[in-house]
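Consider the two complexes below, in which chain A is the common component and chain B and chain C are the respective partners.
Coming up: the complex of A and B.
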């Protein structure tokens, strides 16, 4: 874990230096990323207002949900935002072999090289928004709620990383991923709605089968003091998915055949 | 050249058919999640129609955003920017075709194959999951007319953005900007009717709604039954925008290419 974090910080440093070589582009792209997060959240709120609200969510609670969502999307974008493109390019151009020569395991090397420095502004905006709304919540907030929120948040990031590991494993096998990246982005999109908005089987799907509720729904519910036992099922499934994703990666790694580069 | 590029793209698709089939299999899941989400909202509020959209129309609106990515969305600006950044622009500039012609031919070949191999199967999946009881033959034909024009319009817009790389070296910010603008002003992420009235008026003045909102409103019939005369008038306005973008693209290319400095590859 320590090696992973060190490599992650190193990758962020390198990306920052590289981005600053084109300063104007860097500032412009960071600003646009930040603007996009706000626009996306505004759209979600407009949709919320347009559909006359989601069951069990007041406007203020939806604002907190949106702030958590910005923080979560910013965090995963900062940590793994460039990973899908990295594995695509490395495999298509036959450069993946070098991952086997590096001192750390291929999975650690891969996951620590997919950072996206342009998402830094989004993380900061999400942090500021979440803290401001938490202060507004005031007395309703408990230490247990905060700890549960942190647990769900980290598990959500972990589960997202597991999805990326599966994606990367598939890339070793399929080489060119065509529309699969868009499908992955669409799955992230479904996590940006409270799970209560879904109907019957859809709700079960986002809570347990594919526990995307861990991304923003359960952390917000924890902050609101409404976390339920069902969240444990999401956590357990995320853990099972992570183990299965690593096992899948190991299998794909063994089956990988170099095509030169 | 278009035929050769078509053959080339077809060979690529057949070579990587696994990922293509896999992504086709995942699309019903995406459509089902969209259906379940809106079923939950409509049934909770006991709605038959929401801002003029029935449940099936709403689901198809979000489903149609996939068709937008198959048929209209392009990465022309990113392709140009990457070539400049990685020193691969020289080989394009010495070809017997202009950059504009080459990129357009490559794009058309890609989109024609997307139409045949992606749009038709996914459309069939969507029809099976959520029958489009609102759709008419006229609306269907008008959708494809506007989508064809949108391909040209969006190509020219992306090409102009890509040319920024000839001046600045890295135009990746333009790619991100394009994504945000299209999501906001073309109605890809949300039906325009959900936006405030002032923003809706602004959107109708700008050319972006021709990319997604206009074709989809004809497909879903949300703009009411549109006679061909009205549709052709709208198409005429879009052609004026396309002409303006073409003139601007040619002008920008001749100016920008003078700033390009090859650094090898």
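Coming up: the complex of A and C.
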């Protein structure tokens, strides 16, 4: 974990230096990223402000869910936003070889190289929105709720990383799989709604088999003091998925056939 | 330093005999595969401190061999030991002791000065700051890279970039350096600078260097030992000088003609190559063949000038490839 965080900081530094190397482009992209994040987030908030809640969710609680979702989306974009494209390009052109030349696990090296500094705007928007809504919802937030929210949030990021590991492993195996990324995006899309919106097997799936409820649903529930024992199942399944993803990666890593001379 | 025993690497590659759409559709359900043996049961020894030339045609297995030795690929069979370590098994600790430069792939960040990539390399390999600064100062002098490493990589010439690549690969002081075509695309001056630096680094740091190149002049100017790989097998392993001596029983006679001559006029001469005003002949070792050939040559051809030369390395290599292609014993 320490190695991953070290490499992640190095990658963020390099990305920031690269962005700063072209000054006009940096200002332009930063402004657009911030503008887009804030406008989009504000639009979402305004949209849900007009909705008179959802069964079991008041309008404020829905807005808190949206703010948490924006924070989560921004966080994974900041940490891994460029990863899918990176692995696609590196494998096709044989540049993935260089990950084997670092004295670290190839997986750690890979996961730490997909940062996207321009997602910082979305993280800020999510953070500001979450804090503002928590204040609006009034007292009631406990330290335990906050810690539980952090646990679910980190586990959600971890589970998303596991999905990226599977995607990367499949890319190593198949070399080129153009529409695989769409599947990943679709899974992320399903996580943008409270799990209560799903019924029957669909609900079970998002809570357990594919625990995307960890991304925004359980963290919001924890903030609202409504976390249930079922969340433990989501956590356990996320851990199982992560272990399986790493095992799959190791298998593909051994069978890696480098492209080009 | 490097000991390989019975290393083989094969790939399963899909094939399609026809360009018809029907064959492509059939390939969706039933696919034919062939096994390509990139390396076939090879043994190899490289001594510590050597600059060892690895020669081979395109597709001969050089890159596969280098990638196995870097821990990138796993061999299908065989055992390897590089300084007592199996590259693909103990990769993480092993790569701390090796440096790699792929001539056609860059490890430098394109938009930033090479110094930033050097700093990244230091952090990734955990090189202590004092050691890093000392090594950087030494290598920057050896490679004449003080000024160029402060400029963005995108603004460097190919030769300047290559010097930075080599510098970057050596910052953690590896014991073994793989240089895969380090002079590809370089002009004569840049090639000379790179070669000079390789020589100096090998002599002063004692780094073992494996040099892969298509440029015979790289190998002949830098390497004492060479290995010649063809179709996944070694055609030759040993001293460069021994290889040249082995083939020095033959000399080359280059003849400049005063005017073009017909093909029939050249019949009866042991020709290697002909041009409009030139002819290259082979001569067996000793003075007798020359005594026999010269009068005939002067009498039958309009000779303007001539020179007798020892066989060049590129001719020897070509001859070995031809023997290999004909299935001659290896």
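Rule of thumb we're sticking to: the second predicted complex is superposed on the first by the 227 of 261 C-alpha atoms of A that agree within 3 Å, B and C clash if a C-alpha of one lies under 4 Å from a C-alpha of the other, contacts with A are read in each partner's own complex, and residues count from 1 in each chain.
Basically, contacts are C-beta pairs under 8 Å (C-beta built on N, C-alpha and C of every residue); 3 or more make two chains touch, one makes a residue touch a chain.
Model, not experiment: these values are computed from the prediction.
> Which holds for A:24: it touches chain B only (first), chain C only (second), both, or neither?
first
> With the two structures laid over each other on chain A, which partner does A:104 touch: chain B (first), chain C (second), both, or neither?
A:104: touches chain C, not chain B.
> Identify the partner contact of A:176: answer first if only chain B is touched, second if only chain C is, both if each is, neither if none is.
Only chain B is touched by A:176; chain C is not.
> Please indicate which partner A:205 is in contact with in the superposed arrangement: first for chain B, second for chain C, both, or neither.
first
> Under the stated touch criterion, name the partner, chain B or chain C, that contacts more residues in chain A.
Touching more residues of chain A than the other partner does is B.
> Taking the stated contact definition, name every residue in chain A that is touched by chain B in one complex and by chain C in the other, in rising order.
22
> Considering only the defined contacts, which chain C positions touch chain A in the complex?
Contact set of chain C toward chain A: 11, 58-59, 62-63, 67, 70-74, 91-93, 95-96, 98, 100, 102, 104-105, 107, 109, 111-112, 116, 120, 123-126, 152.
> So in the complex, the part of chain B that touches chain A is made up of which residues?
Residues 12, 15-16, 18-20, 22-23, 26-27, 30, 32-33, 35-37, 39-41, 43-45, 50-51, 66, 69, 118, 168-173, 176-177, 179-180, 183-184, 189-190, 193-196.
> Please give the residue numbers of chain A that touch chain B in the complex, ascending.
Touch list, chain A to chain B: 22, 24-25, 28-29, 32-33, 35-36, 39-40, 43, 46-47, 49-52, 54-55, 118, 170, 173-180, 182-183, 186-187, 190, 193, 196-203, 205-206.
> Using the touch rule from the top, collect the residues of chain A that touch chain C in their complex.
It is residues 6-7, 10, 14, 17-18, 21-22, 94-95, 97-98, 100-105, 254, 256-258, 260-261 of chain A that touch chain C.
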